[in-house]
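Pasting a structure below so you can have a look.
As written, the chains take the letters A, B, C, D, E and F, and residue 1 is the first residue of each chain.
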Amino acid sequence: MTRIDGRTADQLRPITIDRGWSKHAEGSVLICFGDTRVLCTASVTEGVPRWRKGSGEGWVTAEYAMLPRSTNTRGDRESVRGRIGGRTHEISRLIGRSLRAVVDYKALGENTVVLDCDVLQADGGTRTAAITGAYVALADAVGWAQEKKLIKSKAQPLTGTVAAVSVGIVGDVPLLDLCYEEDVRAETDMNVVCTGTGHFVEVQGTAEGEPFSREKLDELLDLSVTGCAQLDGAQRKALGG
Amino acid sequence: MTRIDGRTADQLRPITIDRGWSKHAEGSVLICFGDTRVLCTASVTEGVPRWRKGSGEGWVTAEYAMLPRSTNTRGDRESVRGRIGGRTHEISRLIGRSLRAVVDYKALGENTVVLDCDVLQADGGTRTAAITGAYVALADAVGWAQEKKLIKSKAQPLTGTVAAVSVGIVGDVPLLDLCYEEDVRAETDMNVVCTGTGHFVEVQGTAEGEPFSREKLDELLDLSVTGCAQLDGAQRKALGG
Amino acid sequence: MTRIDGRTADQLRPITIDRGWSKHAEGSVLICFGDTRVLCTASVTEGVPRWRKGSGEGWVTAEYAMLPRSTNTRGDRESVRGRIGGRTHEISRLIGRSLRAVVDYKALGENTVVLDCDVLQADGGTRTAAITGAYVALADAVGWAQEKKLIKSKAQPLTGTVAAVSVGIVGDVPLLDLCYEEDVRAETDMNVVCTGTGHFVEVQGTAEGEPFSREKLDELLDLSVTGCAQLDGAQRKALGG
Amino acid sequence: MTRIDGRTADQLRPITIDRGWSKHAEGSVLICFGDTRVLCTASVTEGVPRWRKGSGEGWVTAEYAMLPRSTNTRGDRESVRGRIGGRTHEISRLIGRSLRAVVDYKALGENTVVLDCDVLQADGGTRTAAITGAYVALADAVGWAQEKKLIKSKAQPLTGTVAAVSVGIVGDVPLLDLCYEEDVRAETDMNVVCTGTGHFVEVQGTAEGEPFSREKLDELLDLSVTGCAQLDGAQRKALGG
Amino acid sequence: MTRIDGRTADQLRPITIDRGWSKHAEGSVLICFGDTRVLCTASVTEGVPRWRKGSGEGWVTAEYAMLPRSTNTRGDRESVRGRIGGRTHEISRLIGRSLRAVVDYKALGENTVVLDCDVLQADGGTRTAAITGAYVALADAVGWAQEKKLIKSKAQPLTGTVAAVSVGIVGDVPLLDLCYEEDVRAETDMNVVCTGTGHFVEVQGTAEGEPFSREKLDELLDLSVTGCAQLDGAQRKALGG
Amino acid sequence: MTRIDGRTADQLRPITIDRGWSKHAEGSVLICFGDTRVLCTASVTEGVPRWRKGSGEGWVTAEYAMLPRSTNTRGDRESVRGRIGGRTHEISRLIGRSLRAVVDYKALGENTVVLDCDVLQADGGTRTAAITGAYVALADAVGWAQEKKLIKSKAQPLTGTVAAVSVGIVGDVPLLDLCYEEDVRAETDMNVVCTGTGHFVEVQGTAEGEPFSREKLDELLDLSVTGCAQLDGAQRKALGG
């Protein structure tokens, strides 16, 4: 069996990570998973939200959004509707949690990093591309803050790396990194966030059609770990490591 | 090792499912997982949302909310703040997806069921109690609609059952059905939705502290399947099956 | 003439006041006026709103809401609509004013009590049940705050008691404590809040049909005073007085 | 005893009713109760809200608002805050109910009249001035609609007249038509809406300080009936009756 | 050619400026440009917005709004819709910028003046009437603040005067101060804000139909300067200068 | 005198117009005015807003937004704040009006084109870049709709071309196409929208410091016409004309 775009079941789409895309942000990355393009910027500010003041600890948070015509059909702007939809909320929270899993707040000191992940073009896997790109933007922002002496600790604020990939079952076959057409047809859809050491930060699997068995779940988890390892390589290469 | 409340690692809290709690709703259940109390009502209306009209298919959706003082510290009302928070959105969507996994829209016909899950008292596991209770309320509502001939199909609108439970790792030990105090201290936290046949509808695992290994993930999955099976029994008993 | 539910014109529905319903709140009451069930919780916090800081005086406020399926037909959630309706605003303000009528702010000290009155099931008289139940929850919360030494004054923060009841004219006959079916058919509808000494805190009468005469108004006032006196007895009994 | 502005206890402030203030509205009145100035416009549109279509019956509704600097201290605009406050909601609803008490929906036919009551300058009694002025604007709008044959019924759409006045107890003395300074100091504050025949449409009394006795309530009601009768005269005179 | 209302092409409508319209505001003006009536109030408060604190400089801002029935057809209230429309935003910003052009923030000291411009009746040119009237209200408010010693500087806080007028091309003829009927038919519509010395503060021209040539633009600018000079005279006269 | 970036006073920044940037939109352009980058997409849908149905005429509208970190300091998302700011509203309206100036609604037929202009990186002149880019995206979208036979008219829906540029006075010198640093220091700031034939669609000039004289205004207008002519050339080249 070959996939719509000719890939094998366990193959990622072409991944590009373009650092320093924006001249303003402390870290910025245009990441592509095939035709999915997400602009990830990291903004550093001194100080932390009120509930954290005086703790000596930093904070990292994320906001995700899609441009109205990043998708096949134009979607209304959430700013115009006056409220953020459930899906947006959910993904913003997922990105924030995923990155915080590798942050040492003490080492970061009372600084805040906001990761903005804006989908310029969507073709499946926008949230996983966002996490993978945001990690690189965060690494750059942390480097900038260390250079500017905003971060004073000798300990590294990043205790590891994170990347994310989608997996799913399409026509009973587990596939890695679904494009939009595959995603629409998937019976099961799973997003997995892993550290560079192959441990799990998040596992979110959903039966879109038939509920899935433990065996299928195991196959999907195996596939996701492989995918995340390759993304980890791409991140290291982009960061010149 | 014993737990805060004396349970063994694989033991659920006392579960009660009180059907017909409300005189108005077509299905209503007050479900308790220990001190967690959730009122689940199912409201049936003829017709479906506009985007589904003329399809011959029904719709099932859910809304979750917490009373302001269901928690230890009073939370602001989302109606007063004028917007729904990310967590609320996320859980409402999870409940809706979980129930839709066992709904045959054709058999339901052009009818809509809204499940309202309002947390009257929270002590951990509110979303899993909500899903487990909402299934029973949905079953009652479907029965009501069949009796009233709103549902005309001979096929059963419910193709199976669903229940949900939380599992987590506390002090390196996998535990079933976390109460609030355990939840706060958990390194990993997972919510699992299963059908009565032991297949997965949703798996959502999050590392709150250390990222978790595949072995720990496997143990948590095993534990959750056991828990869901017991909840399935409680649902059947409540439904007089 | 007998009423729909067999009561005499000047008879209350069965009243139950269940204290300590919630394990979290400083005061909590599930109050029933027949099939109307309202959960009233009192939350105590140290400090007062900004405009009152440094005054040495406390504050008491209330929020009222209905669960979406507390009524015969499901209502939209105000949190989902993003705004609070006029009726909700009006009743929240009424409850707050009614309780503040018996509060000595100086004796309360710079503490705030928020009364949340959530209607779990509605069958007429939800605002009067809310006021009557909220008073008991407030009394418990004040007792708790005195025990915890949050309230330091020797003076009693509560200078009296309050209870509320609805009265109305149905088929030209003045009736006490209208249930929903009566309320719908009432030509005049009045809510009265009284202290335990029989003085008025609020009188709100509305002609739903024909404007009403002074004679009818006088009869309604008489009836309401009788009803409030009985509710005052139920409150005292619940509080073990 | 004389009052701040030299009136006797049962004396209204100077009342002026200026019809046809606006060139656009079907009915428009600038009404003054002393320094309180409210612009009331009545807008007629063919058709009724969706829930009333096909009933053959009309609808009357009202919206009340204060200009930001109508008061001594500037208030924020509700449009800027993005939500309507509780007091505004409450008064808008009161005005609407008061006018609907004298409307025969059948005779009005499927037409809608919206009464906008905007307070240009506030000095106590804005809601009672609004009701009194809105009645006159409504009468003009009905006349206009009859002339334009929008209203086809031979029956009169207005079955009576309404006017409203505030009364209150200041320094233990019942006073009619409180100005702002009196209102602030009032122990009890009551708004009464009467028909031209002296029947009650609304009675809303609130103890701002001490709860009040039945005797005081009776005195206030007497006073209010006198005041409404005088306002009824002013309305008739303005309408050239 | 004569205009709808008999004016010549370069003639303003009758202008009236009624100072001290409101008893509460520090400056207040009811300004009329023909049938356009705008109530402009200036509210002075000590202190400045947070971002300006400690600068020793004051702030001037403006809010514009239309009463719902100031227009031929009733418009929804922005407070009811829960959001301010683009046009309202745009005009509020224009008024604020126009007045700030003649304010010396240092001389004003840390005081804030808010100009509220509420359109009571609209017949074209509401924004230009608002600017012209707001200047007079501002001048009165500054005078009040000097008298009350809120403003301590010896320098004049107002460095000049501002007035505004609309011009437009109707049937290929440049016209001054368009009324509503002309405005609707205008091919080009321009609002110009000038100082009393004939310099430009704002020039906003829009082609409603055909794009316009440089020649026509020049004619419109000439006309607007003439109109502003006349308005400047009316302002001076109103201010007794 | 040379400018910050070495340009002469009447020189544009390097302009690039990258067509077909997005695979989903019917027209899409990434336009750069130096470091200012705006993604303009044109979305075509059959049908028109309700108020235009049955007219046989089409509609064109625009929405402008900035990514949160397109600027030097991160701005809050308008979707998160729940409301669109005045500046955003104003620019969206300006873009829409500018494009509609060259649209023949009849020729467009009952189709709607929405132009989304999202600023990916801001360095002054974002609104003028947006208009200039949106025109090209619109031209592509119209071409697409003609090919798909959504547009059936033989008449050209675009009656001309539009481009926009900013001009301003910095240190008393009129400059073309201000970058951010110049814009901040400008005494006068003007945005001009011209057709390809050199006529004006919009002229918006604002005195940021000193009010400006007619002579300076004339110089700015001259400069803007030159700039627009060059942009017109760049548009034609991009469209292969």
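The definition used in the following text is that a contact is a pair of C-beta atoms (placed from the backbone, for glycine too) under 8 Å apart; a residue touches a chain by one contact, two chains touch by 3 or more.
These numbers come from a predicted model, not from an experiment.
S.K.: Keeping to the contact definition above, tell me which chains border both subunit D and subunit E.
M.R.: Shared contacts of subunit D and subunit E: no chain.
S.K.: Can we say the copies subunit A and subunit F touch using the same residue numbers, with more than half in common, or are the two sides different?
M.R.: same
S.K.: Which angle of rotation, from 0 to 180°, maps the CA atoms of subunit B onto the equivalent atoms of subunit F, to the nearest 5?
M.R.: 120
S.K.: Between subunit A and subunit E, what distance separates the C-alpha centroids? Give it in angstrom.
M.R.: 50
S.K.: Cα centroid separation between subunit C and subunit D, in whole Å?
M.R.: Chain centroid spacing, subunit C to subunit D, equals 28 Å.
S.K.: For subunit D, write out the residues touching at least two other chains, lowest number first.
M.R.: Those would be 82-84.
S.K.: Which positions of subunit B touch subunit C when the two form their complex?
M.R.: So the residues of subunit B in touch with subunit C come to 22-25, 28, 35, 39, 41, 43, 45, 63, 65, 67-72, 74, 77-80, 82-84, 88, 114, 116, 118, 120-123.
S.K.: With touch defined as at the start, can you tell me which subunit C residues reach subunit D in the complex?
M.R.: Residue list for subunit C touching subunit D: 83-87, 89-90, 92-93, 97, 101, 160, 190, 194-195, 197, 199-207, 210-214, 217, 221, 225.
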